[in-house]
Amino acid sequence: MNNIKTLKGIIAYPITPFDAEEKVDLGLFKKLTDRLVTSGSHAIAPLGSTGVLPYLNDAEKEAVIEATIEVVAGRVPVVAGVSNLTTDRTIYHARFAEAAGAAAVMIIPMSYWKLTDDEIFMHYRKVAEAISIPIMAYNNPATGGIDMSPALLKRLLEIPNVTMIKESTGDVQRMHYLRRVLGEEVAFFNGSNPLALAAFSAGAVGWCTAAPNLIPDQNLALYNAMLANDLATARQAFDLQSELLTFITANGLPRTIAAGLQIQGIESGFLRSPLAPLGPGDLEKLRNLLQ
Amino acid sequence: MNNIKTLKGIIAYPITPFDAEEKVDLGLFKKLTDRLVTSGSHAIAPLGSTGVLPYLNDAEKEAVIEATIEVVAGRVPVVAGVSNLTTDRTIYHARFAEAAGAAAVMIIPMSYWKLTDDEIFMHYRKVAEAISIPIMAYNNPATGGIDMSPALLKRLLEIPNVTMIKESTGDVQRMHYLRRVLGEEVAFFNGSNPLALAAFSAGAVGWCTAAPNLIPDQNLALYNAMLANDLATARQAFDLQSELLTFITANGLPRTIAAGLQIQGIESGFLRSPLAPLGPGDLEKLRNLLQ
Amino acid sequence: MNNIKTLKGIIAYPITPFDAEEKVDLGLFKKLTDRLVTSGSHAIAPLGSTGVLPYLNDAEKEAVIEATIEVVAGRVPVVAGVSNLTTDRTIYHARFAEAAGAAAVMIIPMSYWKLTDDEIFMHYRKVAEAISIPIMAYNNPATGGIDMSPALLKRLLEIPNVTMIKESTGDVQRMHYLRRVLGEEVAFFNGSNPLALAAFSAGAVGWCTAAPNLIPDQNLALYNAMLANDLATARQAFDLQSELLTFITANGLPRTIAAGLQIQGIESGFLRSPLAPLGPGDLEKLRNLLQ
Amino acid sequence: MNNIKTLKGIIAYPITPFDAEEKVDLGLFKKLTDRLVTSGSHAIAPLGSTGVLPYLNDAEKEAVIEATIEVVAGRVPVVAGVSNLTTDRTIYHARFAEAAGAAAVMIIPMSYWKLTDDEIFMHYRKVAEAISIPIMAYNNPATGGIDMSPALLKRLLEIPNVTMIKESTGDVQRMHYLRRVLGEEVAFFNGSNPLALAAFSAGAVGWCTAAPNLIPDQNLALYNAMLANDLATARQAFDLQSELLTFITANGLPRTIAAGLQIQGIESGFLRSPLAPLGPGDLEKLRNLLQ
């Protein structure tokens, strides 16, 4: 089960729920994560942006990873987010995830300044040398603040255990370009919800998404139609969910997933400040989209 | 044949070749346009950006439209570019195209300043009222200088003979959005070469492209695979041509198509200044891509 | 008076007014242009974007230049806009302007596609070789569609009669960079109204602007304070006019200048379609700004 | 001395130096900070981006603030950076800074996602209510990931102890706009080095900059000329330093300031990974710029 060669399909991102005092609610986290597994997701990715990784302190991050491993219990692979601003802390968290039983780690080069390509390369290499499990290099300029060029991504793939790319620029030309430059052997994952159809069309092997918290059947329907080479059905499936995908991405995943769960009658806890619940107008839009 | 309901598939853009004195070479234009028809394109679109519309005077534009109608001879529809900065001149050229036998006209709101939505709407409406053939509204901020919002495009479609949209922003999310907002009945065409696969996946009925001047079989293979709902084959076809599509778009269609034809042993004439032939480095790249 | 070494200060852009049938109204043009001279502008620049150059046919452009020369009558230099998409037509209009008595011509590399640096250089060189009067190279990516790099501008200045730069990117860092790279001898003009204070602070010798149609005294007050090295007074002058400068730039110079003149009780004629008069809301804002 | 009404002029940002094991070197930090005071800076701002705030853990941040207060010893005001991703931790550090003796705190709404205006407002308000010293609201989309609109900044100023704005978008039009909207009473600081001249021209009361680590006399010369309403001298001073200002900003302040100090023969310690020393080519450029 831990064989990462099998990582593909729908990689689901759980939220990190908080209690009324804004403390992490681990019990609720486990319930919500279990739902993702039982509803068919092919892997679980705790501590992504949906899981508000940057808002958690070290102890909280460790508790969330341990809770994920415990509740998933080997049913699907766990891909743990361990990104950190400094190389030292990224190594720390990557080692923790490996020891806890994660199948792989996901790393975005978080940055407050523009890092050079050499700095990013060394960052990944030092982390890679400190662990034995595979690394998914994650490119998302909108959150990480750095846009890793295809040339840099290619260079990262020379590091033995950097074996996967997650691309979230929202630019399908970039995906085609990556595929041309990196070749078909490199497992390439899409992290942009509104591009789900285009990315699978372009050859993505997986879709990293928080949407299975709300619409797991629709996400799987799209993926299964693509697997069956049935674009007409895939497009129908995508057209059904695309407005929701655009909405949750545009309005913030932690906020919209928490709100969507509540609309569906599922407890989702509280947000940690400064994040605040979705306003009434957006809540109404989301309610309509979920019907 | 003139029934525009049949407009779909590969809409091919001929170049406008010049002689050594930079005069339009109509004889060569007819030969190159005939090639596009005989190699299988589903429609011919003279006076696009590939045809250097903005570089031609009125008499030249009229001669090119007449030459197109004559050489196509009803085998496929002709969609004539009639865009102009002023409303008055756009009406003039649209009427000319209709009288000459064009099946439709394509209009981009050319602009030197930012026009308001109302100005653009009135521009289309006045032209539409002056002719009886359908209009394809063309959005391409990179050349036209204006990005028409989906809301504006929707409004334009309320004008009876504005029935088609050509979208060239290169943003696949925009295409999905257009389809959601405009509905499936609106014929939506893709004008961005590097997005050919993604646009067909998103539901485009046609692809407006200069590529059939160089690789008509590959363009048709992609389209036919999409028609057959065979995404795997379509992706293979696209992967074969995507680097060339990106190259010709990035390096300028008039330049690269002329150079590509010469590489294939086909006379393509001269360019009109300030356009200059592709430099030796780019020429070599193009040669490699065409093999 | 024709000695272009004296070109500095406020370079004023007249509008091109039309009659009710959208024909150029030369009589009114002369009146409006004379106002610019008598109210103190240091040069007159017909056929800029304010003068809707791209909306005029050849005969209209020639008539406007002749009318300008006639009404200005040597009181200040005339800098004629002669930009055109093709090199051939640019040469034609540059020669006409020189023969008619213009002190200099202003040329922006108009483009529908991205031109290469070599193409732009050759465009300027061919025009420069065809005339004897100086050329002001004008950079404005928002209207021309091309952003000429400082390196390219430097190269253009190697052409003997390309002696002036007009920069309208709206980026004051670019102005500082130009000054470092080009040296203090190069006459550098600002074409961005909202940057008037910053550009003079950065060392611009002149300000190319349509604002003197409406507020000549304020424009001159700013310039004179800068000449007197009195920044405090200059800032006061700028603060008085900056909101108006931003408004006319953001809402389109031909529209806003025509509307502003009418508010001031001065006849300004009609616009040529697709341009339409300012809507009532914007008109009210402009009225308030002019008080 | 703690009266923040006197905050103006050159606000200097010390680097946070590390030892060979990448631990904070407090002794060296104090030496470098003392230099900033003795060379004439008007205030000291530890824990900015130059001070690699986001790379430090809580204990390190606290030690740096205490060291600053100790070494500055009331000679000039201390403005402490206390930005954090969560509201809770921002409050914690703001209270620490106040208790330690800081005259004010600087807060940028750090973000991994796009926060709503309401979230940002509540973030500032909660922090403001927890402390008694003034807050400088800092806008820098390039590092913080959020561009606070002038309207939002205006709203923040309704919070009693949010009294200062630091603007680093690098857009001088924004500065003029802020001044128009916020009025002259609001103390507005410039955080963009390449805009130093333009910002003072626009009315900024202070310049937040790391440059005094390397060229304090030039920074003061610019400021003093502006105070004396002598723009010609100010421009000369700015022209002397503008290339260096652009270089250190473009190549990363922590890297370039550390390298520049070494070039000047001043110990500056090590960087914390992933940050790496300036490469040899850039080092050579910096050496030339410093001569």
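Order of writing sets the chain letters: A, B, C and D. Residues in each chain are counted from 1.
Please note the rule applied: contacts are C-beta pairs under 8 Å (C-beta built on N, C-alpha and C of every residue); 3 or more make two chains touch, one makes a residue touch a chain.
Because the structure is a prediction, the values reported are computed rather than measured.
*Asks:* Any idea if chain A and chain B meet via the same residues, over half in common, or different ones?
*Replies:* Same residues, largely: of all residue numbers at this interface, over half are found in both copies.
*Asks:* Suppose chain centres are the mean of their C-alpha atoms. Which chain sits farthest from chain D?
*Replies:* B
*Asks:* Between copies chain A and chain C, what's the superposition rotation on C-alpha atoms, in steps of 5 degrees?
*Replies:* To map chain A onto chain C, rotate by about 180 degrees.
*Asks:* Any idea how many Å lie between the Cα centroids of chain A and chain C?
*Replies:* Chain centres of chain A and chain C, defined by C-alpha means, are spaced 52 Å apart.
*Asks:* If you average the CA atoms of chain A and of chain B, how many Å lie between those two points?
*Replies:* 39
*Asks:* Where the CA atoms of chain A average out and where those of chain D average out, how many Å apart are those spots?
*Replies:* 34
*Asks:* Which residue numbers or ranges of chain B touch two or more of the other chains?
*Replies:* Not one residue of chain B touches more than one other chain, so the list is empty.
*Asks:* Considering every pair of chains, which are in touch?
*Replies:* A-B, A-D, B-C, C-D
*Asks:* Mind listing the chain C positions that touch chain D in their complex?
*Replies:* By the definition above, chain C touches chain D via 170, 172-173, 176-177, 179-180, 194-195, 197-198, 201-203, 226, 229-232, 234-235, 238-239, 242-243, 246.
*Asks:* Going by the contact rule set out above, which residues of chain C touch chain B in the complex?
*Replies:* 22, 49, 52-55, 85-88, 109, 112-116, 118-120, 122-123, 126, 143, 145, 252-254, 272-276, 279
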